[in-house]
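Two complexes, one shared chain (subunit A), two partners (subunit B, subunit C).
Up next, the complex of A and B:
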């Protein structure tokens, strides 16, 4: 039972990590990264490391995607100098 | 360097790493096994210090110096961000216009904000008892007020987030950890020695200095993440190219 869960979450991690590489648009990548963070958090919890899982959930699937999205927005705004407010 | 040679260098390096990794893992305990030499020693040490959560005991007692390093990495990284993302002379801050928010989104943020705040504080406060602690809870507490940016607008967020105060809090959290370490040096045996009374096992005040160090880290991480996000948000929302009104662009 535990082995099946471990295998499943490992596959989930592999799939979402591959997706994060395959998706080329940075803002979409941030969202896929959040999913990857969630998958990793599940994997860590299944492997009985809830502490690492919590860190992963907070940093990997909330903070990092947010920072990437903000950076993308800044770069896009710089691309169009005169008021192109979305 | 030709392409061929580069591939050879890459292959050699990769092979070396692979061999070393396998050699390092050969004598590890079996995956998923119940026995682990380090784990058993850590649990015994943690129980002798009346700390219910073994990971916190490792982080804030057995290897507290290591955690000081980790905390300082975050502190230094945020310091660097503050310097790099400051408003330079050829930039100006344009306050963003109030945004239109969907009522459902506003309701969601209003419900989730106190909930996230409470969860984060709970995770910090129970660091010595259950999974979590200053690092994890700190990030949750820090992201909670940013729900206001989603549910209202940037000005509302700026209202409840005086960045200067959080910068001070960041430094105080970092300093508190070092001061507790020096207290251990003066009052006990070594830097970061656990010298406080250990208390009753599995209560909030158990573990000696563990809850205090945990709280210091919680404060540092909370303030650091708020400052970090504030700098990124300022750049993304407020700061624009060009010194004043008259000259639009030059570059």
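Up next, the complex of A and C:
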């Protein structure tokens, strides 16, 4: 049973990591990355490393998406006037 | 080995598998809803795992996620507001499902642990989960007045 749990969380991590690579739009990638962080936190907990999972949750669920989305927003705003001039 | 771990495995497979699929494909509205639902599912899975492994300290993970999950969804609702504006996502059914599942899991764990400080912590996590779900769902569907967000833009 424990093996099934480990296998399932490993599969979910693999699936979400593949999705994070395949998805190309950065703002959608941020969403997939958040889900990847959740899957990693479950995997770490299943492997009896809750401290690692705790830091993964703290960074992955709110901080990484915030940084990515802020960067996307800044790049978009900087890009718009240049497109207008050209 | 025990029923709690079986429940965690089933919840992970039934709840989180579709979340990965939903967040990887489809329109942006569905992806945001799937990510929000995923935080609730994983929080419940972590609660069940802590009970299954008989390690009360693992509950801290669920507590952190119950606080940070809705915060992350609010980040999306704020920063993706322009993309979500034309077709705001409505997920009342999913919100009800997540909230009732949280109530069921928390009540079952409270009955299993018995009275004490752990119960207070569990009830706090459950309240945070339900409140966070409702707030995040309302924010995503544009339920809050747009004047505040529009004036800042």
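Throughout what follows, the second predicted complex is superposed on the first by the 81 of 86 C-alpha atoms of A that agree within 3 Å, B and C clash if a C-alpha of one lies under 4 Å from a C-alpha of the other, contacts with A are read in each partner's own complex, and residues count from 1 in each chain.
What we mean here is this: a contact is a pair of C-beta atoms (placed from the backbone, for glycine too) under 8 Å apart; a residue touches a chain by one contact, two chains touch by 3 or more.
Here the structure is a predicted model, which means the values were calculated and not measured.
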After lining up the shared chain so the two structures overlap, which partner does A:50 touch, if you call subunit B first and subunit C second: first, second, both or neither?
both
After superposing on the shared chain, does subunit C or subunit B touch more subunit A residues?
C
When the two structures are overlaid on chain A, which partner does A:16 contact: first (subunit B), second (subunit C), both, or neither?
second
Partner chain(s) touched by A:78 [first = subunit B, second = subunit C, both, neither]:
first
Classify the contacts of A:28 with the two partner chains as first (subunit B alone), second (subunit C alone), both, or neither.
second
Determine, under the contact definition given at the top, whether A:70 touches first (subunit B), second (subunit C), both, or neither.
both
Both subunit B and subunit C touch subunit A; at which residues?
2, 50, 53-54, 57-58, 62, 66, 70, 73
Touching residues on subunit C, where the partner in the complex is subunit A
1, 5-6, 8-9, 12-13, 16-17, 19-20, 23-24, 28, 31-32, 34-35, 38-39, 42, 45-46, 49, 53, 55, 57-58, 60-61, 64-65, 68-69, 71-72, 75-76, 79-80, 83
Can you tell me which positions in subunit B touch subunit A when the two form their complex?
32, 55, 97, 123, 131-133, 135-136, 139-140, 143, 146, 225, 228-229, 232-233, 235-237, 240-242, 248-249
Residues of subunit A that touch subunit B when the two form their complex:
2-3, 6, 50-51, 53-55, 57-59, 62-63, 66-67, 70-71, 73-74, 77-78, 81-82, 85
So, in the complex, the side of subunit A touching subunit C is made of residues 1-2, 4-5, 8-9, 12, 15-16, 19, 22-23, 27-28, 30-32, 34-35, 38-39, 41-42, 45-46, 48, 50, 53-54, 57-58, 61-62, 65-66, 69-70, 73
